[in-house]
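Taking it in order: structure first as structure tokens, then the write-up.
Note that the chains are named A, B, C and D in the order they appear, and that numbering of residues resets to 1 at the start of each chain.
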Amino acid sequence: MKRTALLVFVSTVTIAVSAQQMKPESTEWYYPQPPKIVPAANIGQPPSDAIVLFDGKDLSKWVSADGSAAKWAVVDGGMTVTQGAGDIYTKEYFGDCQLHIEFKSPTPAKGGGQGRGNSGVFLQSIYEVQVLDGDNNPTYVNGMVGSIYKQRAPLADAYTKAGQWQVYDIFWKAPVFGTDGKLESPAIITVMLNGVLIQNNYVLKGTTEYIGFPKYNAHGRLPLMLQNHGDAVAYRNIWIRNL
Amino acid sequence: MKRTALLVFVSTVTIAVSAQQMKPESTEWYYPQPPKIVPAANIGQPPSDAIVLFDGKDLSKWVSADGSAAKWAVVDGGMTVTQGAGDIYTKEYFGDCQLHIEFKSPTPAKGGGQGRGNSGVFLQSIYEVQVLDGDNNPTYVNGMVGSIYKQRAPLADAYTKAGQWQVYDIFWKAPVFGTDGKLESPAIITVMLNGVLIQNNYVLKGTTEYIGFPKYNAHGRLPLMLQNHGDAVAYRNIWIRNL
Amino acid sequence: MKRTALLVFVSTVTIAVSAQQMKPESTEWYYPQPPKIVPAANIGQPPSDAIVLFDGKDLSKWVSADGSAAKWAVVDGGMTVTQGAGDIYTKEYFGDCQLHIEFKSPTPAKGGGQGRGNSGVFLQSIYEVQVLDGDNNPTYVNGMVGSIYKQRAPLADAYTKAGQWQVYDIFWKAPVFGTDGKLESPAIITVMLNGVLIQNNYVLKGTTEYIGFPKYNAHGRLPLMLQNHGDAVAYRNIWIRNL
Amino acid sequence: MKRTALLVFVSTVTIAVSAQQMKPESTEWYYPQPPKIVPAANIGQPPSDAIVLFDGKDLSKWVSADGSAAKWAVVDGGMTVTQGAGDIYTKEYFGDCQLHIEFKSPTPAKGGGQGRGNSGVFLQSIYEVQVLDGDNNPTYVNGMVGSIYKQRAPLADAYTKAGQWQVYDIFWKAPVFGTDGKLESPAIITVMLNGVLIQNNYVLKGTTEYIGFPKYNAHGRLPLMLQNHGDAVAYRNIWIRNL
């Protein structure tokens, strides 16, 4: 009895205090101030805080897997996969980021399925957003252009056609690992292809595996990697913002 | 009994699918096929599956709060907040969506803080992405342009200046409520302003409240609403994709 | 058997990948940039981002409980508790903050225990850091100068004597409440008195209560309050930084 | 049986102490008495219970890593990093503490990023608060002055410039390990730089690592260490209070 009475009393006070003390100012915050960033005059071009990874001229921001100079060809303002030149990695390491990158499938189109215009944008070197010629080119849906390779098909197929530049806008949250190497929060990705939302905050199951299940192995910041799958895919206008 | 048997079965299967038995095909899926969408030639323009809510000519997709015709002015290809004309709502109701909308603060700039170029994009009529003239116009950070009003400051301040069109790209997951009206999953939002990521999958605490805490009340699909806060803010190029 | 073998295999891979991929860059972050703040030439004076609440001249930043002008006396650069003038509140509302405030007990000292030089610094109007003449003035330890009143005695007694200015540096984390009014994280305080740490990240049990237990009632930002306990305590050099 | 009886008893007591039975005295405690400490006349100078580790004259409280006499230079009241003289350690071992320490970056400034005015204050020899010339000297934010090196950027950038003394006030809670060596509570730090709060009760992930993740290895009290990174950083007015 006593206890019930007490609880009712406290509850009444709670409501009374809460209602009379709330004012508009109670939910207004002045700190911290977000950083001022100057967007590009044309959306898709790098804003003021972006790190430009390729500006159409040289591969100075990139290296091969063994640390030697990147050997892809720079042609017509695009950097292009070259036979025998391997994958290329940014010199700089990244974690959470906003990435803008454009790619073009080779023409005339050759091969089919995974054999036509295959390459890949590997966030932190080990999580792939698939690059493929997606124009009338059937393949498994979690391997089509815009898929998180072997994990997640895109929400929509917004590819146009070979020879036209395709635009990826990617928001990436890196996985977080505890000091014991255990996963604390998984990688998460949002992707637009040509302005169409195709992955909306997809929670990755782990690294990209060709055979077997994705898994998580502890790591820190890592380079962005672009895959050499033997097809002459070109990339341009690559910039990244640390988040 | 049956239940125990099932659990044993599942457990056995899991163990059996070990690495040495996996083939590439084990993780390739062919169904369902994502819908084919034709992106716009210029990113920012509506792709093929978008519902155009304003094309620069008329307010036929919009109504006032009482259901009567929307009374904002259409000037120079923009629809503009008009004194006494109230907020406007889409006739169509929306849930999960990709929304593109552009706005312009009035010139010459008048007033300061919340009194300069104030309006708002209300997803489902009750969750606001703040619209404000953000050019050298200090206010509380969770009330600045790009904020989820009174909940979340933007990650960056990517506004340019009054008289220039500002571009919002918004990805919205509507909250989900159970049949008993209880919240099952909250609203989630991602926002780009002028191509810069400013909200990354922010989980909303509830509806937008001027005084007091956000809260969730069960609801279904609702109109998109644009706020009349008395300032002559203009909107254009509004399109939405159901997700 | 198989299962055990598989787990061992995965574990080995994990270690191998982790070791070979870590470089110094893997743990270096460039964003976000902390704001640049210009400290005062003399520590204790307001840094560049501080809001000065009293500069020795007037009470323009303060009001009485009923919203009328604050009626404490301004004498010799200090604002002083005045009989019948009640508690005073800042016009502005605060949450997380760094607060610098100096106080002086009246001379000659009169009364004893809680009756000598009693006042209080109330964070968010309802959480008190006790102000008292602490020079040879025995009282209960959780009510002495530097205590979180009726909750926590100070770690040390670093008060000097009446007539000398005493310096509080306070770091405050406001309690956070969910949309249902439930406590999500409690208030936390760190206090230095005259440069000596006397409260180190103390987790408050709730509001300051003269009779009964502390409790938490949902609220948002609230004014800083200074208590009128009838003794002519003076305050000066009051500034606050939003965190 | 016994256990049940006890629970009932406790429960009854709780209920009995209801509001109407509480008196002011019910929440007043007289023991233990905090120790009386005489603060310095000028805040920043050592209070009465501080251990002075450097008073501007000699290095008698310090040794090299091999236990030999510390070989840094004493110049103009500061002890200065000397080429080839290695890191220096206090002879005394410390756990929880309040540490005051001032440092000065060499002039004229040479080098950039981590190469300009680099040194470090290592709590318990293995947890670093970064020392760096922070005047227009971009580097990774979790390696800038005031960072918990490679773990946590400071809340604000309150450094002034080379040639001026910078003031750290640090509150340290040592990690606690169980008898089995397992971490029971992590290290926690609060830091002010020049009177501005820059770390507020940050919970450390572990030791400072240049490559790889922080980790915790069981240890007890350990010396304070100052790093020799090859730059002629000077220190002065170093005092510490055991907490």
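One rule holds for everything that comes next: contacts are C-beta pairs under 8 Å (C-beta built on N, C-alpha and C of every residue); 3 or more make two chains touch, one makes a residue touch a chain.
What you are looking at is a predicted structure, and each value in this text was computed from that prediction instead of being measured.
K.L.:
Return the chains shared as contacts by subunit A and subunit B, ordered by label.
P.N.:
Chains in contact with subunit A as well as subunit B: C.
K.L.:
Specify, for the interface formed by the sequence copies subunit A and subunit C, whether it is same or different in terms of residue numbers shared by both sides, with half as the dividing line.
P.N.:
Counting which numbers both chains contribute, over half are shared, so the two copies meet through the same residues.
K.L.:
Measuring centre to centre, with centres taken as mean CA positions, what chain is farthest from subunit B?
P.N.:
Computed centres place D farthest from subunit B.
K.L.:
Per the centroid of Cα atoms for each chain, what is the distance between subunit C and subunit D, given in Å?
P.N.:
Centre-to-centre distance between subunit C and subunit D: 21 Å.
K.L.:
Using Cα averages as centroids, what's the distance between subunit B and subunit D in whole Å?
P.N.:
Comparing mean C-alpha positions, subunit D is 45 Å from subunit B.
K.L.:
Let me have the rounded angstrom distance from the C-alpha centre of subunit B over to the C-alpha centre of subunit C, please.
P.N.:
38
K.L.:
Residue numbers in subunit C touching 2 or more other chains?
P.N.:
Residue numbers touching two or more other chains: 22-23, 26-33, 35, 181, 218, 220, 241, 243.
K.L.:
If each chain is a node and each touching pair an edge, is that a line, ring, star, complete or other?
P.N.:
other
K.L.:
Go ahead and list every pair of chains that touch.
P.N.:
Listed by label, chains in contact pair as A-B, A-C, A-D, B-C, C-D.
K.L.:
Mind pulling up the subunit C residues that touch subunit B in the complex?
P.N.:
Touching subunit B: residues 2-3, 5-6, 9, 177-181, 218, 220 of subunit C.
K.L.:
Subunit C touches which residues of subunit D in the complex?
P.N.:
Touch list, subunit D to subunit C: 19, 22-24, 26-40, 43-45, 47, 49, 98, 140-144, 150, 153-158, 160, 167, 169, 171, 173, 188, 190, 192-198, 200-201, 209-213, 241, 243.
K.L.:
What residues on subunit B touch subunit C, complex-wise?
P.N.:
Subunit B reaches subunit C through residues 15-16, 18-19, 205-206, 212-216.
K.L.:
Okay, in this complex, where on subunit A does subunit C touch?
P.N.:
Interface residues on subunit A, with respect to subunit C: 10, 13-14, 17-18, 21-23, 25-33, 35, 49, 92-93, 95, 125, 181, 215, 217-222, 241-243.
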